[in-house]
Structures are given as structure tokens and as C-alpha cells.
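These notes are about the structure you will find just below.
Chain nomenclature is as follows: A, B, C and D, assigned in order of appearance, with residue numbering initiated at 1 for each chain independently.
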């Protein structure tokens, strides 16, 4: 298949993923509202928000990096997404998974944050550097258990290629990493809590402490880019976790496969949402200590288990 | 009303920034705000719909009216249903809810936050004290009518206004936005000198840039 | 409580004693005795809680009345200590060494009444008024209505009516005699 | 106190005496040394309580100097009251503290009655007590939501403020107003209780108890909530008198001072209640004390509803208010608001207008002296929680 059709397919899948991520955000707002006993905003509210932020007539900038920050963030989201096979064996949704592997994806997860750090630092508001410091520090801590569990996978499947990892989990539900290597899954799911930045790990955008952290100076279109990326990146993370630990989504019929993907990612996301609805926020140092304690130990245990037993 | 000819005379003039010291003046812009033309009819109509359907309040409780915003966010009168959400920073907010009387110390911050909001921006003024001073009409420290300092789109009368009244006010604001009537940003830019004169009349120690976007 | 005041009488002369309530006394002392009386009451008679410190402006006899309201947790009695100081050279000894929060009231009094407390921390900083150029607003001669009309923009349409006439015409039309209650002192 | 400071929740175990360089007890802070950052929280900041500002000097994440700026809500009440007749004054005093206006109304009316020598009828006293306790409850519910919200747990605030709304409905039945009631005029109360008020209030008490049960499970048994508040803002007992700390903040440090019991007013002597104190002195102890006081307040309300006389006068006879001259005199009346000793000092000079009306806001010292002291060496993540746990109310600080 030539590269143009592939790019075309990639664009389609990016749009699907972004729309899905934003809808997921709307659903999550609804769920929070129900926990609060409210009716809650409509599910399509995130789309209107993006339109509204784009519809600003004026927008101020603080220099070149301020422009590039959201762009880097979106590039990180795109990079993360484009090297993950969304649906195993599908032509349209396999993106560029033949090239690149798990390490590249992990690098892209980091990349967006770093670009954002540069851009937000240019804003000059004292709260954004504080938020960046918190964000990067927390990220390097929750990357530890995630990296450990990825190493466990690499040892288990003797590869870092996501497609192969998904392929290895096909057949029966018992082939999922969830059942073949549960410790690695536990470690990774805990670090997912940090990745999704719901409380208790919402120390980056803590409105009562550093309103709202890095993007505090981002206005109109900059903010809209960030929101778009939140949709894309959110779904990319969930798809990655689905592929690595929950057997991916594979079916002869593309729509059934999409349905499987939606159900699985939704359930994965609900985990962090329910935790987030029930807990107050950690102090930064508390959250970092947390990630470096039990999740790290569990990750190391999973490696030992895979390697020697 | 002599607003018009004032700003006809000095349209090209740069801002003086007298409040700042010499070396600080270079740090701040001295550009005047300029009115922004709306886009073509149909696109603007669509964008107005989007603006009206997602209103982001600036989380700045300037007066006692802020106490009724909290019930408005909670289960009884759930404002999130209407796409209204609080936003902690003026850069991202689009609606400024003036919660009641504004003391001189607060009007300084109100002006600053209002100018930092990115237009189109809308203002809802709560309470009788923003309309004509209310029961503080003779107070030496609270301004009497807010619309001499920033343009106001909707007044919600009462002391204090009930949450239902606020929701009605938001509803009216939405209708106005969709009709394209809420142009406070451009009004502020056109009558800039008049507003500035009023603001500097009450804010005696003016130590900030004349227009801090 | 009587013993405390008697014991205090032996130390300094008390100009007047008012027993307002069972748990509220007011005593008036001389300006120069204040610091001694306060520290004595705080340390010996453990009136340890300083509720507030405020000033009243008696412009007719050209005096400021300073009231130090103390409270004793054991006998559960408030004791207000009144000091009259001259209104022209309004200056008072600072008690920020006795109570760590007294400087707040002293800063407020400096701003609102223009009473100076030498040595009190931050006494010259502005407390609530920012960029205030008139006389201190809590002085009796400061007319807040005139200032408000001069500075702020009045919205036309605010009407006011004489309450006596209004009551007679509107409210008490049915009971004409009721408006004569308590009118002998007019 | 030493126990808490040594406990494992205290997150500054390292020796911080280096930062900042101390010079005879005062920190030497040189902003040009690029060691410190000047940071403003507020007035436009979701973390501060109401419209006030905190000026922080931080070193990394740690506060080395805090300064409170108030005055954004200054209306000059004390000046306005000099221009208003006694009956006109009572309509604006309730604006002094927004979350809990009834305390101001009661104190102003009580001071005027005491100066004019008016004894209000028995039923009016009962209704006033009921009104005060209900307003305490409403304010407490708002505080509970704020304390949880300052730690990023919005759900508690949603629940409690939603429940507070139903209490505001009862206020509306009783007084006609939601937030500002203007109910206790000098000489009694304005209106009698409506039909069936007592039954509805009792139903609501049951509902509130259910909600509090949920909150206790969700909040006070929450490990993160404990770990954030334990050891935060410790007030040692010797600091209470030094800084004039009152109310729950003082009681959490072991000081037995509750105006309702020390200097009983209205019908409080006829209700059985006991002083709620704790010895922790930190934010968690304050939270627990306030949480128990919510239960105490609910209990008091149900007692009052039982003892409330059905019949009787609600208004004492007062002269024509248009020119009501109060005899010369001065008095200081105080009551227990949710934040502590709330007082009014009224001086009358025998004319129709008061000579001086001063309102002693309960959190006058909490927000400024005490906060500036407690915030030192805490992380900037804690300022919001600390401010709320001191329960500051800006409008009563600057009036």
C-alpha cells in the first residue's frame, strides 16, 4: 500500500481518536456531575468549548516559544497516537505502527510535556514555572513504574513492537497481559492515575493552589490547541494501555472492533475517574513519594517474576 | 455625551503610562486598544452561537454577590447545564460577574482583570449597588455605578439577587450574544479615554500601565 | 470584680466606673497610666484576652476616646478601659508588646482616625484605604455623602422622602394616633 | 503540639534555619539574590476565601514570608452607621458578614435594646436563638465544603452547599430573605414562624444528619485528607491569648472559650450543651472541632424546636422609630458566631443617630497576624487549606 493512502487513513484515525477523546471528556464531566448530584453539562460541551476558545477575536502572545509550546504539545499527542495500532489487523486504524516501537511512544509521551514546559515558561506568569516544575517532577516519578512494567512486557514477549505484543495476546482472554503478568498491569495502572492527572494526582492544574498551572497564560487559540491535544492524547494513552495490557481490539468487522476499543478504553478510563472523584489532592512531594514507593516495588517484582519464574 | 469627539481627536495618540516609572515604561506596551470588526455575517452568527453556549466565568468574587455563585454551581441550580463554567484566570474567561458593590481598591483590580480578558468579553453586574450604589450610595469607598468604569451588558437587580435571577440574567446574556448585541469590547476601545478618565478619577494612586492587556 | 477595681484604685486614680452589665464594666483612667494598668491587669489579674481597641471621636470637647476591651477567662467579665486623649496632638503609647495582634488595631486607628502610635509595627502602612488623599474618614468632620457625590457618578432617579410625612400618609393612614407615639421629645 | 510537629505528617523535617537568613528574629529577604520569588495569591485567585490577597515570598515551594492584604470589601459601615438612624442601621449591619449575617443583626439589636432599656418578650428570644443557630449551621456547612474544596475535593462542597440551600429555604419561610434576613429588629423579631415550620425543620435535621454521616465516611476517614491537615498550622495554647484567637480555633488548642457558655445570652442557659475542645491545635483538630459543633448545632436546633412556645408576643413596644432617641451610654455585646467571639460596641450620645458603632469581627486577627505567622515554612500548596481552616471572612475584617 502506498504512503499517500496510509497518510489519508492516519488522518481519518486521528480525527476519530480526537472526537472520541473529547466525547470521553464530556462523559467524564457528566459522571462527576452525577457524583455531585447535579445534572451536568451536555456531552458535547468540550466541542463547543474548543469552538468558543477559537472564536476569540484577539489573542496575546509572549514570544516565539509561546507559539511553539502548544504546537509541541500537539506534536507529542500526535506522535504518541500515530505509532500505536488502534485496532489490530485493521488497515485504516493501524496508523504507522509498522515503524517505531514502544520506546518511541514513551518518548513522545514525554516530548509533549517538555515542549509545553518551554512554551509556558515564556508566559512569564510565576504560576506556570511552578506548575511545570511540579508536572515534570511528577511525570518522571510516574514514568518509573510505567517503564518497569514495560520492561516486564519486553522480557515477557521478547519484543518492543506494539503490534507483536497485541498479536501475542490474541486468541483467548487468558492471553491478556492482565492475566499473564498481573503485577506489571497493576504498576502500570497506578502510573496511569498520574498520567491522567485526576486527583489525588492533579497537582499540576491545582486550581486552589496554582490556578491552573502551566497553561495559565494560554488564551484563545493556544488554549484550543491544548484542548484538542487533550482529547487526542487522552485517547492515545488509553489505546496504548488497551494494547499493552488488555489484549487490544481485534475483529473482522471494523465497527465491532471499534466498539470493542470504545468499551475497553472507557473501562480503563473509569478506573482513574472513580479514584479521582473520591479523593482530595496530594501535596507534590507526597504524590512523588507515593509513585516511588509501592508502584515501583510492584514493577520490580513483576520483572523478577517474568525473568526468573 | 462628549465621548465621540474625545476619541476622534486623539485616535493616533500613544498611551502615556504616567503611572509607571521611566525604566518601567519600556516594559509595557503603550498601544491603545483597537475595535475589532466582526467577521462576515454567517460565520459571526455561528461563532456567536458558540460563545453563547459556553460561557466561562472569571472566578473573581468581587463582592458579596459571590456568595450566591456557589449555590449556582451546586446541585440545586446547576449552571453547568447551560455551559457556564468557572475559569480561574482572566486570560481564558469570557464573562466577568461583578458581585455587588466595588470598592476603590477592588475597582482597580476589576479594571486590570477586565483588560486582561481576551475579547469578546461580557460583563454581568449583580446587585443594586452596582446600578446606583444601592444602600452604599453615600459610602466614601464604594463606587456608585459600574458602567462608568467598564461596559456592562446585563444588570441583575436585587440585594442580593437570587440564583434564579442570575440564571435569568445569563439566559438574557445568551440571547443578546446570539443577536450580536454584546460588543462591550469594542465599546471600551472606542470610548477608551472616557473610561480611563473616569477610572483615574477614583483610583488616585494609578501605578499600572494605562492599558494592561 | 469589685476587689480587682479596689486593688486597681490603690495603684492609680480611676476617674469613673460604670457597671453596665453583670459581666461588663467600664473604667476611665488617665492617659499616662494606661500602659501600667494594662500590663498589671494582664499579668496580675489575668485579663489576658484583648477583645478590641477602638476610638470614639468626641469632636465637641475635642477629644478622642480610646477603649481597650479586656476579658478575663476565669471570672468571665469584660472590662473596658477608656482613655481620653487630646484630639489635636492625637498620639498614644503603643501596646504591641503586650498583645501580638494589637498592631492591627493601631494601624487601623492610624488610618481611620489619624491617631499615631509611635513604635507600633507597620503603623504607617495602609490597611484598607489605598491611595487615600482626604482626611482620615472616620473623623466626625469628614462628610462621606458629600465626598461620594463629588467623586462618584450618581445615577439619576434616586428619590427620597421625609419619613415622618411618608408614614403619616402611606403607612399609618388607618391609625392616625399611632404616629404620635413618642413624639413629645421633638 | 510538639507531638504533631514531630509526627510523620510534618513534611519539613530538614533543618530550615538556613532559609531565609535570620537576623534578630526577622528574615532577611533580598529579592535580587534570585533565591526568592514574590508571589501574589488573590484577590483574583480561587484559593483565597473571598476577596482578599496574600503576598507570599517563596523559596522554591516554601513560604518564607506572608503578608495579608485586606480592604477590597471595605464599605465604611462604621461611617455609614453614624449617618443613619437606629432603625435604619439595622438594615445594613447584616451586610457586614455575608455567610452569617444574623449574628450582626442580633448584636446590633441587642445593643440598642440594652441602651434603650427594652426587654424583649420570651418568644422573641426563642426565635432569635433558633435563627442564630440556623445561621451557624448554614455557615458551618459552607465552611465544610470550603475545607474539602481547598484540597481539591469538590464533591463535599457540592453536597454541603446543596444541603445549605434547603436551610436557606427555611430562612426564607421564616424571614422572607435567602441570604440577608433583616429579621431581628430592635424590640423583637419581625414576623412569627409560619405554619408547619417546626415539622419541616425537624425533617431537614434528619436529612442533614444523614449527609453528615456520608461526609464523615468520605472525608474524615480519608487518609489523604488527614495527611494534608495533620500538623498544618499548629496553634500552641500559649499563642491563643497572645494573638486574641477566639472560637473554634482557640477551642482546638484547648482554650475553653465559647461565648454561649461563658457569657450566656438569649435562651442558651436553658439549653444543655457542652464545650467542645481538642488539644491537637492543628488544622485537623480544628476541622474535627467544627465537625462536632455542626452536630451540636443540630442538637441545639432540635432542642429549641421542642421548647419553642407556640403562643406569645414577638414584639416589645418601642417608640416611634422615626425619631427614636437612645439615652447616652455605651455597651459591648458579643455572641458566638461560627468564627468565634463576634462583638458590637455601640456608643450613644443621646441623639437619634449612634455616635459610634464598632463591629469586632471574629476573624479579625485570624486572617492577618495569625495567618502571617502560621504560613511561614509551609508549602504554597497549603495556603488555601490554612486560610479555610482558620475560617477567615474578609468582609468582617475590613467592614
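Basically, contacts are C-beta pairs under 8 Å (C-beta built on N, C-alpha and C of every residue); 3 or more make two chains touch, one makes a residue touch a chain.
Only a predicted model underlies this, so the values are computations on that prediction, with no experimental measurement involved.
**Student:** Report back the single chain whose CA centre is most distant from the CA centre of chain D.
**Tutor:** A
**Student:** Between chain A and chain D, what's the gap in Å when you average each chain's C-alpha atoms?
**Tutor:** 43
**Student:** Where the centres are mean C-alpha positions, what is the separation of chain A from chain C, in Å?
**Tutor:** Result: the chain centres lie 62 Å from each other.
**Student:** Would you kindly tell me how far, in whole Å, the mean C-alpha position of chain D lies from that of chain B?
**Tutor:** Roughly 31 Å, centre to centre.
**Student:** Return the distance between the CA-based centres of chain A and chain B, expressed in whole Å.
**Tutor:** The separation of the two C-alpha centroids amounts to 37 Å.
**Student:** Which residues of chain D are in contact with two or more other chains?
**Tutor:** 45-46, 71, 74, 76, 79-80, 83, 158-159, 162
**Student:** Provide the list of chain C residues touching at least two other chains, using ranges where the numbers run on.
**Tutor:** 128-130, 137, 142, 144-145
**Student:** List, in ascending order, every residue of chain B touching at least 2 other chains.
**Tutor:** In chain B, the residues touching two or more other chains are 59, 74-75, 88, 105, 138-141.
**Student:** If I apply the definition of touch given earlier, which pairs of chains qualify?
**Tutor:** Between chains, contact exists in these pairs: A-B, A-D, B-C, B-D, C-D.
**Student:** Which residues of chain D touch chain A in their complex?
**Tutor:** Within the complex, chain D contacts chain A at residues 11, 37-39, 45-47, 61, 148-155, 158-159, 162, 218, 222, 224-225, 227-228, 379-384.
**Student:** Quick check on the complex: what are the chain A residues that touch chain B?
**Tutor:** Spelled out, the residues of chain A in touch with chain B are 29, 33, 36-42, 45, 48-49, 51-53, 55-60, 207, 211-212, 216-220, 223.
**Student:** Would you mind writing out the residues of chain C in touch with chain B in their complex?
**Tutor:** Residues 128-134, 137, 142, 144-145, 147-148, 151-155, 157-158.
**Student:** Mind pulling up the chain B residues that touch chain A in the complex?
**Tutor:** Against chain A, the touching part of chain B is residues 36, 47, 50-51, 53-54, 56, 59, 74-75, 78, 80-81, 83, 85, 88-89, 91-92, 94, 118-120, 185, 213.
**Student:** Once bound in the complex, which stretches of chain A touch chain D?
**Tutor:** Interface residues on the chain A side: 32, 35-38, 126-127, 130, 199-200, 202-203, 206-211, 277-286.
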